[in-house]
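Both of the next two complexes hold chain A, though its partner changes from chain B to chain C.
What follows is the complex of A and B.
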């Protein structure tokens, strides 16, 4: 029984109908009515903090053009005083949990057009060569969309694995293995962040004990210093620097960071602050999504 | 010596005795003489430049190989064709080799995870910091370009591999001399003039600084293997001379606040100055040859 939850932007009517169709196909359980689609008209307050205009901060595909101009306008008006972080919106995200029957936990996370499917097996039996006497062995396998996994995938696997190791309470399950398998379904920018989010949701779905949740946020800096959160593939290519952060939910500390390109120290702090603000929205989405799921069953 | 022998009592030892002050790094850079046996017939591809970096017990050797056309092998394709999406760029291919020689943890065979991650890190550093312009490696647009294979061989692993790799890479790149290549219009073959060589144009000098994080509070610069093993997280900052960051590599581990990050940045800046000074000294003493 799959549980679907999403937060949509202005194009949500289209999205709702697509989702309904999908849901109808998959939900073969008697509790069809439980496959609830909540549509929110989310008008979040501007991340900029000072603006009074209610803005739609979750753009949809149709609004992408508008989003670009929005960010440019914001950049121009950066001279306004006040504690404002460089603003930009996250693309719309959706999450589906428990969609696979074999893994102990599974989740599919969508960010704009980027989609990653995650499955978690564990705690399960571990090979003697890999067992650790006092905690669980965490393993992450990342499969790219096309081709064989290469060195870049290995590097990403290590990043995701170390992030998960920092939050998963491995000491509660010694001599076991927890395997997270990630499959890239489509890549339209911010892939690593999407993988992290999917992994977190899948770990929650599997019931693996964790000390905090974590989320991934990507920032891109273009040549004139404008900051963009959650960039698309095109924006990433044109950017001067792309920074991906993993933040934890308790104190918004930096768990993982990987960057590409050149940038200054001040820009790093700026991106980190923006990422911390954006992560609040992601964590709120996690919380509401899980609340809704468990309130029905 | 297995992982299981490191008990929690060792980790408490770490907490009580290690100070959180900046640990001075003694780095010794020895630049070896370029191997001048290029004219040997039948010989293998010769290393064009070698550099050995030693940091507090960790030794890394970097060698550069460019496929040299010796008389014997003239018929084979000595250079590479540039990639189709960037016809005027050459290749720089790094490879980090962690063999059983350097530590008991590694087995012989295909590269393990740590070696692959380190290779990817070096590739990222080369690309992000723009240490050399790939356009400089192009001989003829769309047809011929140099392929620089950079092999970083670890001789002794005592932690902090990424820093040592970056130093060795930089030192070796500064030592590379590429011979002049002209394309003969009649035969359309490349002709290499081994007598006329020129150094690569190094644009920036990225220097890596690694930290080991203990329980979100203690930060140790340049950790040894034991410290790395006990640490709850690591952080590597690669900075170039203008204070621009090429790479902030924090592969998971315990969280860090923004203030602690700031601290790390300032130490990275200090470290960069020291290393640059040392490297300049070494190269100045080496130049008249």
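What follows is the complex of A and C.
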């Protein structure tokens, strides 16, 4: 229930961590865990009446094999059963596409407990004042979970817009507008990375021509130099530096980076390398998710 | 660090260009590069993308390969720009290398020259009608772009065809809000799209104003292409169910009209649901409807 119910309160968090805690205690193989998650999904879909419309894909934690290489980057000094088991740096992902009927493309992306819903409209009509004669006008609107959008949202919108503009082939649709609307459903750390992932999946769902896919990865450095990927809200608060990178899918090049806090040059390179490795898993998840979607048609 | 670099190198190596032939009918993602058949021999021998020098400059035996929707030419390779299944069509008469395209699922229409679409008249300014076709800007339609219409002579033409399509073309009876079935003569990214209700011979050929009543609804572009495919059984089954008139626009719009409103709504629901149903479920529904 946890993955499909976006309106959960505190009860939902308990369910999620209970499942992960049981998984973490035994040394289970990635495939077993994945089977457990997928059978749950199949049952839920059967209850929904067999309609294929919502395309929900849950990323398995089958990244343990590759994560062995990151063991020296990730010194797991935690003793409490956190939301992820030992040896796995990224939280669970789940992605659902084409869930809204009005926008041309929509996607919902979950990373652990952080969840963002994205909708894309375009290429559509544009106001004369905003039109650009030789490419599409890209607009990003980010709405926080509560309250009015403020300066932080504006700054994140600009970062997401710059990333999208680097990747979307705007020259194919001059004098049109492509609007990406993001709604934060729940924020439990790594919000910007989750927004980037949701925006990418929504753009792919809308059929906007792109020259590559992109993903967002967040790293946090705590006071003794330990690197944590995909930090939770608590880890971000206690960290001395939080770095978010947007990477493209063709050559893992850096599209956007935004950092907060104190870090050295060597640490920056280390974080970037870790993010590039983590992005491989995100892109593999995108590929599986999209293959599943097209396999049903 | 060394192991991380090793993993990174392995992942980057997976992104090298693949031969288009090997990924036919598979899902391709934006950013992938595809090699055309006459460039593959170089990849095998060099391994790092070297190609043997050809002394004979006209060694291309394949001819022209057409790059369809979802693909862009990038140097001498094809760059995938949309997510979907890669398809290929062999050339019929032997000239050229065929067409490659990506079958993607989309809702938003982008005008393409030659497409037949259903538009809604939104404005009339002088001699031009502005028609909303679902794209980024309204298309323009001249009042002379109808069969037999001249500045002076304004005939009221009636066309009857078979059992399926019955259209009444009356050039002056239409106003803002009417439905028009026409085709694009100008549709590119730089210019405003223009449509006409006349074919190249000057005949209407089924195009023009769509009559009164009926229901217009919107579906995805992929469903329209599926329904208009030559071997589509859905349409034949629907035709056996009730007598109906139906018009498909490539912009995702379908106009349907049956004897009663209830039948029209049933048909609209069936066509919308067709996308997500398997063939068996569809046959079940049709048999249930045929009984009642």
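FYI, the second predicted complex is superposed on the first by the 210 of 297 C-alpha atoms of A that agree within 3 Å, B and C clash if a C-alpha of one lies under 4 Å from a C-alpha of the other, contacts with A are read in each partner's own complex, and residues count from 1 in each chain.
Quick note on the criterion: a residue touches a chain if its C-beta (ideal position, glycine included) is under 8 Å from a C-beta of that chain, and two chains touch if they have at least 3 such contacts.
Computed from a predicted model, the values in this text were never measured in an experiment.
With chain A as the common reference, the superposed partners chain B and chain C fit together side by side. By the touch criterion defined above, A:175 lies against chain C but remains apart from chain B after alignment on the C-alpha atoms of chain A.
When the two complexes are overlaid on their common chain A, residue A:272 makes contact with chain B while staying clear of chain C. In the superposed pair of complexes, A:166 makes contact with chain B only, with no contact to chain C. Once chain A of one complex is fitted onto chain A of the other, the partner contacts of A:123 are limited to chain C, with no touch recorded for chain B. Partner contacting the larger number of chain A residues, of chain B and chain C: C. In the superposition on chain A, A:290 makes contact with chain C only, while chain B stays out of contact range. Legend: residue contacts after superposition of the two complexes on their common chain; A:154 is shown touching chain B, with no touch to chain C.
By the touch criterion stated above, A:257 is placed in contact with chain B alone, chain C being left untouched. In the superposition on chain A, A:183 makes contact with neither chain B nor chain C.
After the two structures are overlaid on chain A, the closest C-alpha atoms of chain B and chain C sit 12 Å apart. Comparing which residues of chain A touch chain B with which touch chain C, the overlap comprises 248, 251, 273.
Chain A meets chain B in the complex at residues 132-133, 151-152, 154-155, 158-166, 243, 246-248, 251, 253-265, 268-269, 272-273. Of all residues in chain C, only 1, 3-8, 11-12, 15, 27, 29-31, 70, 72, 79, 81-85, 104-108, 110, 135-137, 189-190, 222, 276 touch chain A in the complex they form. Across the interface of their complex, chain A is touched by residues 3-4, 113, 116-117, 119-121, 123-124, 127-130, 216, 232-233, 240, 243-258, 261-262, 265 of chain B.
Of all residues in chain A, only 51-53, 66, 69-70, 73, 98, 104-105, 122-126, 169, 172-177, 204, 206-207, 209-213, 248-252, 273-274, 276-277, 280, 286-287, 290-291, 294-295, 297 touch chain C in the complex they form.
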